[in-house]
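Okay, so chain A shows up in both of these, paired with chain B first and chain C after.
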Partner chain A sequence: MADATLAAAPLSNTREIARAIWAEKAKRARRAALLKHLFLIGCSLIMIYPLLWMVASSLKPNNQIFGDLSLWPSEFRWDNYTSGWNGMSVSFSTFFANSLFVTVLSVIGNVLSCSFAAYAFARLEFTGKNIWFALMMMTLMIPYHVVLIPQYLTFLNLGWVDTYLPLIVPQFLAGDAFFIFLMVQFFRQLPRELDEAAMIDGCSAFKIYWAIIMPLSIPAIATAAIFSFIWTWDDFLGPLVYLNDVKDYTVPLALRMFNSQDSVTQYGQMFAMSVLSILPIFVFFIIFQRLIIRGIAMSGLK
Partner chain B sequence: MAGVTLSEVRKAYGGLEVIHGVDLEVTPGEFLVLVGPSGCGKSTLLRMIAGLEEITDGTIAIGDRIVNDVPASQRILSMVFQSYALYPHMSVRKNLAFGLTNLRMPRPEIERRVAEAARILQIGELMERKPRQLSGGQKQRVAIGRAIVREPQLFLFDEPLSNLDAELRVQMRVELANLYNRLGTTMIYVTHDQVEAMTMATRIAVLSKGNVEQVGTPYELYNFPRNRFVATFIGSPKMNMIDAVATSGTAAFDDLGALPIAAADGPVSIGVRPEQVAIGGEGELTAEGTVSLVEYLGSEIFVHVRLASGRTLLAKADGKAPHKLGDRLPVAIRRENLHLFDAAGLALPRAA
Partner chain C sequence: MHKFIRRNIAGYAFLLPWLVGFLLLAIGPILASLYLSFTKYNVINPPRWIGLDNYVFMFTMDDRFRKALSVTFTFVAISVPAKLCFALAVAMVLDKGIRAIGLYRALFYLPSILGGSIAVAILWRQLFNYDGVINALLRTVGIEGPYWLADPNYSLWTLVVLAVWQFGSPMLIFLAGLRAIPQDLYEAAEIDAAGPVRTFFAITVPLLAPVIFFNLVLQMIEAFKSFSGAFIISGGTGAPLDSLLFYTVYLFNEAFSFLRMGYASALAWVLLIIIAAFTAIAFWTSKYWVHYESQRG
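What follows is the complex of A and B.
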């Protein structure tokens, strides 16, 4: 119908017709944008509610936490943070230091060793390359809990139980097929002519990896680093199995200690420490996510 | 400056041989162009000289040193890639200096060479930029700069101009020719564009399906092609090819008449370049045909003349010539302009 009027309109009015079409289009776009935003805001509220609930609960007195669902505490109990920090026999400073130690070493180990393995799979020629790659991919399908017991026995025989070694050393042995796969895929899309130019420019295989491939793969490296950080920081089972001394506990284990059977659980303090425990992930994510974007822009490959 | 000698060079991938025993002598200071259709093995051959590709059999010598087992970085050569292959994360200056730094050259010497290359290629104001901030032509200059700072004994170019637009390609062609005149270093240049090959080369090697068909100066290849492949590959537009059968010293051509030739009985073919098909001129072979297409290029026109048998002859004429679609035209070919080939496609002597 609108088309009919437009078609019937005399062609001398082209400018007005254009304006009418434009106005109609703008109106439709505004309506669509409004609906889209309402929907997305609704979804994000649902997703962010548990997080806000945790932050709110960290400021409530114990008896209010499960009593009301409101996000605004009637009174602010800041001392949840201070008393929570020192609520255990060992202070949270130790737990955070332990977590940071394990996590930072794991991230470094993962990024280094997995990028080595990935470079080999992506660029070097060796016997049985495809078979090794397939084997590596198959390890992705084995659940962690299946290897847990044999792994525990191995580390027990090595005398590593009750140390950080079982949590850190495997990360330096390119143990995570997911990161290797991620990097192999990234390395493969870097033009081979860059390697060849570098070869003529006198680079060894290691120098090509270090001076050409790695700087161009910052987005993939940063992605691996972020995942590695989050997974290690959040890991509960690994530290639970291998660490026995409270002084060695990481943050997730320490949080669990609030939930004891022989005393009243201090939920406010637990949530306060939970809030603090996600801050490092948050900061790390912000920094490395910038690296991803800058890396993509810098390489000029996209 | 060094020559390159290829002896019986072969390359096979698995069981599939793609280079079938190439012998080629590149003299010091020569600009040799490897030209051929895609898939003829010209890039593979270049990459084998560069050391980026293993040699399956035969030897490659640079100067008087056999380099089969010498790694690319120690062959003292530079290579310019089709995609330029500039390091995206390094500035132009670092791109130029990277190879020299790897050689542990003293810093003042690196700076001198980089500055010299920047001056020659006029990229001085681009030195701090990243490759992504450069245009195609600028990237090409930087890639050439990266090649010349090493002061190699041999330059290798792998289709360096094919990513550029037509105008820039012509310009860079001139610049490369000037660079060659200035440096005088041996250059081996791979292209599929026979205009590039003809205009820049001291000598051209025409490759087809992993074999060298002919090596010679552009003049030799154009005027004395050794076989049908070279005859039709070199020259644009293509040479006209007409098949005939020779019987007792005479070849009879449909439409055009007969000609005494010095060939054994059997199928033969003649080739004649479009500029040597004279419209309305004189010659030993004559015919009349209808214009089926006229391609106007400004300075010249290409006239497609359909002969009685349905075969089309391509003739070049002056841009001002009045020929148009549907005209009846007489064409003539002089005997001395004919290229004669036997059944196997090899050139036969011209004189009958």
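What follows is the complex of A and C.
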């Protein structure tokens, strides 16, 4: 009996030491996690503060905007939104309608034409495929400014300046190699056997594209569509060059008009319209966050 | 032979929209731009061939061109490394299993997805106003902030901060890269009692090199091309004292404010060559510091 307790003593001792070590480790891990969270929360606040400040300022009276750090307006001026909406010679209803028109058509054009090209690159065999693919990847490097001038002159000759055609037609010609690349990456992961089985059943290449590849690639298509939406919605240089008539303006051009009025005193209204202009993107981000984040990790989209 | 033709018909049919776009919207304009760069052209009169005059003027007499180059290079040299360091640091903190990672990731990415908008450029202009929020914040800690937008010594910093603020996408790419590093390497390092600094340089950096390289090239090209932020914050002109005269802003004004299409085309070609050269240099040096998994055998 006495022997048994003696033999058990060191064992329970080791167990206790192990437990102590484990507790110490857990404590250290908790402290490290806490520090990490503090660091991350601090960073998040700095990152988000400017955006929150913009939202707050859109609700403040004019004389309380500058130098006011607070994120809570002392009085809520909702009329900044209503009077900002009609603050210029043309109402923001027109600007939003214009932006929506250009953006929706651009998204459709981009998704169709880019998925066509991606299907060819990922699934079909044809002469010169590798050379075309390399050339396509090289277009990623070309700054828009280099092709802008000849494109402008061409559209000018076609009489397309002051219409939406220069903003929309190029989107139907798979101008954005990023989207093609994203889709190629995705299409390649789909099992080849699907195509082969369909081919044996007598499906044409188009049928395979439309009935097999596209439905299976909804995540990639959606990612491309979302980015296409955001980039077109935000596009500034294109509309700046091609649209001169205020009633044709898209939202970014209208905002710039707000900004460059020398006598700007209506800061609250300006911020109110700014907030509305990024609202669609914000909503898209909240809804499609996971798709967007996976899309970036997959292809390095900006 | 019959099958060969059929295959090609299908392939090229699907490629057609891209091919038309490539010829008419990329290659065609690039060549046209090369031709225009040897001419004097103001849209109203037909282009007049002047040989190398545009390029000679650019490199020997044009002070604004030199200024635009120096502004752009300074911006690229500061903003790209700062952005990447920040992105990597945050990605490393997020990597090692932490609660609410999804929320942090979303918050850090939000500025990147909104940052390209004109709304944010306008916001930035107001934040850095002399009476703005940044100076108010500095005043709370007893610092009298400068005239950020009016003082040419400080104006570029507003855009650097704007660029670094959008570190979200390189961060996401770093995160994906960090996930791919085998965890047992870190465990081995811990057993060998390697400190965090040693572990970082001996394991993380070499294994992450391809991702770092990818981010570097991508962000560099983006930085050379950046336009709307500088355009809005400088009021479209590169003011004050050309301190925000980004290359693209200068090019835009030459083309569309002064209608010097020939000269602007020459500027465009020089930009293309600069970006191509920097990308080529990055690829060339990458042989010495980037090793891909498959090469190690």
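As a working rule, the second predicted complex is superposed on the first by the 243 of 302 C-alpha atoms of A that agree within 3 Å, B and C clash if a C-alpha of one lies under 4 Å from a C-alpha of the other, contacts with A are read in each partner's own complex, and residues count from 1 in each chain.
The rule is short, and it goes like this: a residue touches a chain if its C-beta (ideal position, glycine included) is under 8 Å from a C-beta of that chain, and two chains touch if they have at least 3 such contacts.
Fair warning: this is a prediction, and the values are worked out from it, not measured in the lab.
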Q.
What does the overlay on chain A give for chain B and chain C, a clash or a fit?
A. fit
Q.
Looking at A:G202, would you say it contacts chain B, chain C, both, or neither? Reply first, second, both or neither.
A. first
Q) Is A:L158 in contact with chain B, with chain C, with both, or with neither (first, second, both, neither)? A) neither
Q) Between chain B (first) and chain C (second), which, if any, makes contact with A:A23: first, second, both or neither? A) neither
Q | Which superposed partner A:A97 touches (first chain B, second chain C, both, neither) | A | neither
Q) Taking the superposition as given, does A:P215 touch the first partner, chain B, the second, chain C, both, or neither? A) first
Q: May I ask you to decide whether A:V283 touches chain B, chain C, both, or neither, giving the answer as first, second, both or neither?
A: neither
Q. Of the partners chain B and chain C, which touch A:L237 in the superposed model: first, second, both, neither?
A. second
Q. Which chain, chain B or chain C, is in touch with more residues of chain A?
A. C
Q: Answer with first, second, both or neither: which of chain B and chain C does A:F66 touch in the superposed model?
A: second
(Q) Nearest approach of chain B to chain C by C-alpha atoms in the superposition, in Å, rounded to an integer. (A) 7
Q: Using the superposition on A, tell me which residues of chain A are in contact with chain B and, in the other complex, with chain C.
A: 300-301
(Q) Applying the document's contact rule, which stretches of chain A touch chain C when the two form their complex? (A) 33, 36-37, 39-40, 43-44, 47-48, 50-51, 53-54, 57, 65-69, 112-114, 116-117, 119-121, 124-127, 129, 132, 135-136, 139-154, 156, 170, 172-175, 180, 204-205, 209, 230-231, 233-234, 236-237, 241, 251-252, 255-256, 258-260, 267, 270-271, 274-275, 277-278, 281-282, 285, 289, 292-293, 296-297, 300-302
Q.
Which stretch or stretches of chain A touch chain B in the complex?
A. 191, 193-194, 196-203, 207, 211-212, 215-216, 298-301
Q. Can you list the chain C residues touching chain A in their complex?
A. 7-8, 10-22, 24-26, 28-30, 32-33, 36, 43, 90, 93-94, 98-99, 104-114, 116-120, 122-127, 129, 131-133, 135-137, 140, 165, 169, 172-173, 175-176, 214-215, 218, 221-222, 224-225, 227-228, 231-232, 235-236, 248, 251-252, 255-256, 261, 264-265, 268-269, 271-272, 275-276, 279
Q: Write out the stretch or stretches of chain B touching chain A in their complex.
A: 50-52, 71-73, 77-79, 81-83, 85-89, 98-99, 102-103, 130-132, 146
